[in-house]
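Report on the structure given below.
Going in written order, the chains are labelled A, B, C and D, and every chain counts its residues from 1.
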Amino acid sequence: MSRRKSRFLRKPVEPFVVEPNGSANDVLTKMERVSFQGRNLAIARRIWERMLASDATIFLGIAGALSAGGMRLVIAHLIDQRYIDCLVSTGANLYHDLHETRGRRHFMATPGVDDAALAAERIDRVYDTLASEDEFCKNDEWIASFALKLERRAYTTRECLYKLGEHLWKETEHHGILTAAYRANIPVFCPAIADSSIGMGLSQARHRDAAAGQIDTIGDIIESANIVIRRPSTASIVLGGGTPKNFINQASVQAEFYDDRVSGHRFAIQIVTDVPHFGGASGSSLEEAQSWGKLSIESEKVTVQADVTVALPLLATALDSTARELASKRKRPDFDASGRQLVVNGQPLPEHRYQEA
Amino acid sequence: MSRRKSRFLRKPVEPFVVEPNGSANDVLTKMERVSFQGRNLAIARRIWERMLASDATIFLGIAGALSAGGMRLVIAHLIDQRYIDCLVSTGANLYHDLHETRGRRHFMATPGVDDAALAAERIDRVYDTLASEDEFCKNDEWIASFALKLERRAYTTRECLYKLGEHLWKETEHHGILTAAYRANIPVFCPAIADSSIGMGLSQARHRDAAAGQIDTIGDIIESANIVIRRPSTASIVLGGGTPKNFINQASVQAEFYDDRVSGHRFAIQIVTDVPHFGGASGSSLEEAQSWGKLSIESEKVTVQADVTVALPLLATALDSTARELASKRKRPDFDASGRQLVVNGQPLPEHRYQEA
Amino acid sequence: MSRRKSRFLRKPVEPFVVEPNGSANDVLTKMERVSFQGRNLAIARRIWERMLASDATIFLGIAGALSAGGMRLVIAHLIDQRYIDCLVSTGANLYHDLHETRGRRHFMATPGVDDAALAAERIDRVYDTLASEDEFCKNDEWIASFALKLERRAYTTRECLYKLGEHLWKETEHHGILTAAYRANIPVFCPAIADSSIGMGLSQARHRDAAAGQIDTIGDIIESANIVIRRPSTASIVLGGGTPKNFINQASVQAEFYDDRVSGHRFAIQIVTDVPHFGGASGSSLEEAQSWGKLSIESEKVTVQADVTVALPLLATALDSTARELASKRKRPDFDASGRQLVVNGQPLPEHRYQEA
Amino acid sequence: MSRRKSRFLRKPVEPFVVEPNGSANDVLTKMERVSFQGRNLAIARRIWERMLASDATIFLGIAGALSAGGMRLVIAHLIDQRYIDCLVSTGANLYHDLHETRGRRHFMATPGVDDAALAAERIDRVYDTLASEDEFCKNDEWIASFALKLERRAYTTRECLYKLGEHLWKETEHHGILTAAYRANIPVFCPAIADSSIGMGLSQARHRDAAAGQIDTIGDIIESANIVIRRPSTASIVLGGGTPKNFINQASVQAEFYDDRVSGHRFAIQIVTDVPHFGGASGSSLEEAQSWGKLSIESEKVTVQADVTVALPLLATALDSTARELASKRKRPDFDASGRQLVVNGQPLPEHRYQEA
């Protein structure tokens, strides 16, 4: 029996002590010394702070029904405060954001509600959340009308979504994800736009005019990799997995192909409910991402296995309590996302080409 | 297209707005209007408040490595403030509590640590948490010594654990689950005590004296059901599922067999990570529990699918911010758990018999 | 106590009896009378048979690392035997298929393998499966070369993937998903092609020629909905969730917008590991899909909560044991996927337009 | 770029090829070369064969509603053929087995069934499976009557369950888990018996006679560890996790405390749906178990993440197709479980004492 403490037994778990009227920041700070996913969530805030203290461009990926589920103004806040620099989203999150920015709502339901009754009333259900299908159809038409105002050429999703945010802001002056991104002039990518109601709206523009609704998602691949090539370092924050998770990682892999100074994201946070052992990308581990060069071997990283609607309100509130100054002083990239070519720190990225070293 | 809003579309989701320096209570209050598990966690606090405002005896079941994982003083706090009345635990949670109450610690590890290296140093791992096996062996001996001080007769786990809490308190005067329960004089049950290191310690007492370490878990069944029979109503809070979840439900089913005025718990909260669709009890739905009469058909109930280490710090802090007065004024049962027969409100429960109507 | 059996208690569970040398068909047939996900898997085969006996066009969606994980020749077999009619895939599944059709391999690893060592040797890991990054880079270049042979215009993924399958077949004469689809002349869609190495290969063609690598995913939306509009009925089989799941459902919703005789898929099978309660699309329930009109209210449907690599070998073998004749006699659609416009039963679908009733 | 293949890239994944009328054995054999959980399930059969070829005593732990869910005759078959030597079960699995052995049934339901309607008809639901509560109440009484026939002394669960199996067999001559174990004269432990309807039945015996229904689960701890001490080596097969998983591991840990020649199970298979990252025992990894000495560092082991009702029918059928001869020739322990002291290979284990080296 050893008399000296093992090197493995250095840092004790500190039991969480409940204090009434404690702040979210206090709660998350104390969670740094507990175990399991509570600890991981608390570590996520500290890694996020280190991202902000570094020179990294911070990508945020969002998947799952976060906008319908009440998280859209949290995402907008992360953009406003520049806790992130570039958004990669599923189409649904942007669509449900647009729905609310246009003054419509999602509604609370209970899981046991009868879907036949909902179908009869043309109400669409997302687990415990409802929306009017008629309002959705009007959104689709509104998107089609927007698309018919664009030039008859292919747009990257980044350029198209900038225009969409601009149009929304001018029409509504309401706060939301798309309008916040427009006003902050940061790029928003939507690699699977064809798999969403935004894509459906664009297709309805096409139905009216065969030359409308052209989207160049291959251009998005090049542009996102060029962001990585251009910047000294990058960071990845993933909420929910899905196509945004892979797209952010792919940007790093593709960038490395053209510029071998790139060697993976330097920081990574993911909050997911999927698990690694079925082999799917959403649940894949950050360690696995290192084998691909998606993350650097030295990256600081944490996976939090939790529903975003449980984890993000606490995380964002605690971050906002401690990181405002970090965010205001950070070396962040300066984007102009309004044109055909994305401009980074005053220099346009090449169009249709990877920037080579 | 209907011109009036559907009855299904009454209560909008309210997007969560981040406020720096917000309190845990504010965060959880705003989460009542989001979706998915965030909403469910927020609802849990309100149902807990209604439990406290009612005449219900509140059972708390704890499974999973909550004590090792930094949650033991949260549980102790729930006991101190009488947010709960009766604890049902796995053996491990009581054992890891005892370990820390005796001045030992659990330690933080990372998931990638090498188990062969840990085994070589006699360090035991629970996911990202470590402990010294030598210290565990000494706990076992300490438990054996305690057991050898007891009378040579069978004890219910409730009586045995009262004595264990008393012994711990007298020796350490340290705060923890067992010592809090002893000081609050509330019953603690451990139906699967033979499946834990507490059971192993008791077995080592038996090894030294063949008449030591006698535990009467069948007596626990009767006593727990008699608590339900005796009280006007009951409530169930389950963290993690496991044997405590079933034991608390079983008490209600068994009580109803002897007294048909009993008709299931009136309130139920469960925070679990297991899911219903594999048929296991840990993940079973609260709706399913209603078919059995474990919960009343009218019960107020919520399932939160989350890791307890993520959910409980926020939930307990928010509850403690709003429910102190409710807890202090509530119609709670008054227990004396020190003797062979559990005493409720001054009246001993029958021993070896169900109380019949 | 009722003396007659309840209407709820009509069909007993039949305990599974082990028989040595039993066939996969026997095993799955007996599983129809067990519970939980075993029963659901067994039901899936029977629903699939009913799809084949109907006039439905059967969509198959595949997500997760099925091709890398050894399932690609099962998918190819489902195409060969026309157990399905139209494939919707993630880019990764088509890419890993192409990798093997080109004669490269994926390799078996163990989960504990060191990712830094893999990164040093340029080996990419997908949970317990490995591949050479250098071989992947050559695939990307091969795809770029292929793309440079195409006309300088936008291709739907369906047209592009037909050409890719044709090119692969002519070069390799090897069996796989893409070559099977080419030879069977069935449409393959890849709505999130920009989020995959196929997209990366196309982007490398663009890098070499600014007019190359144009993909029209909005055209895919229209075409997939037109398939639904044209056919008497449709069915959905989803392996793994992801963008294919939503795309197949979206086709039905979009079709209904233009032709109100469409009222959702008539049959649905999904084998997924995600769960509904976090609100994400991959795990969403088939009941929820009914509220949207993605599935008809009368649809026959089953969700199997299982890893596809566990469930599909048994399911496909059992199906192939009982459904060959059904498949050969079925009223299946006859496609020509080789041109700009998809041809169904000899009639081209409109290009850039929804077919209106 | 390396010209020689990496040492990591030795064993290719072999795509599964569907063959109609294939046997379960063929299917599982081919699954050895796929990925993810399909591969793990296939490996489980091979590790089981190696257990049978060794001198190990094989423990099987069963949790989750396996008996209600149609798996009880698979478990009985594993006992009959001596693919296992010692069963550790939850009470529910033994209770639902007894229910069917007594001629009652479980019934198939659909998940959407209304629990209030079931409650009104006194029908109990386990996900998609139903049973009559009145029949359950009669089982409880039957168990109470059985218990009243026993001597008025404490029984280990092992001795009690032997008597229960004997009583069942004599009354019904029906096949099942308890009757198979009785006839094979192998030990059955139920460490959490107080958390089940068997415990409830025993408590009803106590209600009728204060000296009835005495169970000594602490004695079970000693006896199970003595089995490990007595045998040259041991193996663990766990279906579903729960208390049986821990009890089997605890036996090894406790044995090592008294006999340092013991160094953990030499083989381990677990088929579970829980995951490691929440810290609970059911989902804990086999690597973690090595840190505790529950498994030896050199053990052959595999975790299969799957529902038992999906995985076990295929696994047991394939095993039974290839391992009959191995099972018949194996060096298995010879038990007599009928008396106060368990007899192993003709030598009784010490009562109330650990066997010391």
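Quick note on the criterion: contacts are C-beta pairs under 8 Å (C-beta built on N, C-alpha and C of every residue); 3 or more make two chains touch, one makes a residue touch a chain.
Remember, predicted model here, so these are calculated numbers, not experimental data.
Colleague: Just going by residue numbers, which of C-D, A-C or A-D has an interface where over half the contact pairs are the same as at B-C?
Modeller: That would be A-D, since it shares over half of the contact pairs of B-C.
Colleague: What is the chain whose Cα centroid lies farthest from the Cα centroid of chain A?
Modeller: It is D whose centre lies farthest from that of chain A.
Colleague: In whole angstrom, what separates the CA-based centres of chain A and chain B?
Modeller: Taking the mean C-alpha position of each chain, the two centres sit 37 Å apart.
Colleague: Express in whole angstrom the distance between the two chain centres, defined as the mean CA positions of chain B and chain D.
Modeller: Using C-alpha averages as centres, the distance is 27 Å.
Colleague: Need the CA-centroid distance for the pair chain A / chain D, whole Å please.
Modeller: The mean C-alpha positions of chain A and chain D differ by 45 Å.
Colleague: Mind pulling the chain D residues that touch 2 or more other chains?
Modeller: Residue numbers touching two or more other chains: 35-37, 65, 68-69, 118, 123, 126-129, 275, 277-279, 287, 305, 307-309.
Colleague: By the document's touch definition, which label belongs to this structure's chain graph: line, ring, star, complete, or other?
Modeller: If you draw each chain as a dot and join those that touch, every dot ends up joined to every other.
Colleague: In the complex of these two chains, what residues of chain D are touching chain B?
Modeller: 63-65, 68-69, 92, 111, 115-116, 118-119, 123-129, 133, 137, 140, 154, 191-197, 199-200, 202-203, 206-207, 210, 213-222, 225, 240, 242-243, 246-247, 250, 253-254, 257, 273-282, 284, 287-288, 290-293, 297, 307-309, 351-354
Colleague: Given the complex with chain C, which residues does chain B contribute to the contact?
Modeller: Residue positions touching the partner: 35-37, 275, 277-279, 305.
Colleague: Within their complex, state which residues of chain C touch chain D.
Modeller: Residue positions touching the partner: 1-2, 6, 8-27, 30-31, 33-39, 41, 65, 68-74, 77, 100, 105-109, 112-113, 117-118, 121-123, 126-132, 134, 287, 304-314, 316-317, 320-321, 324.
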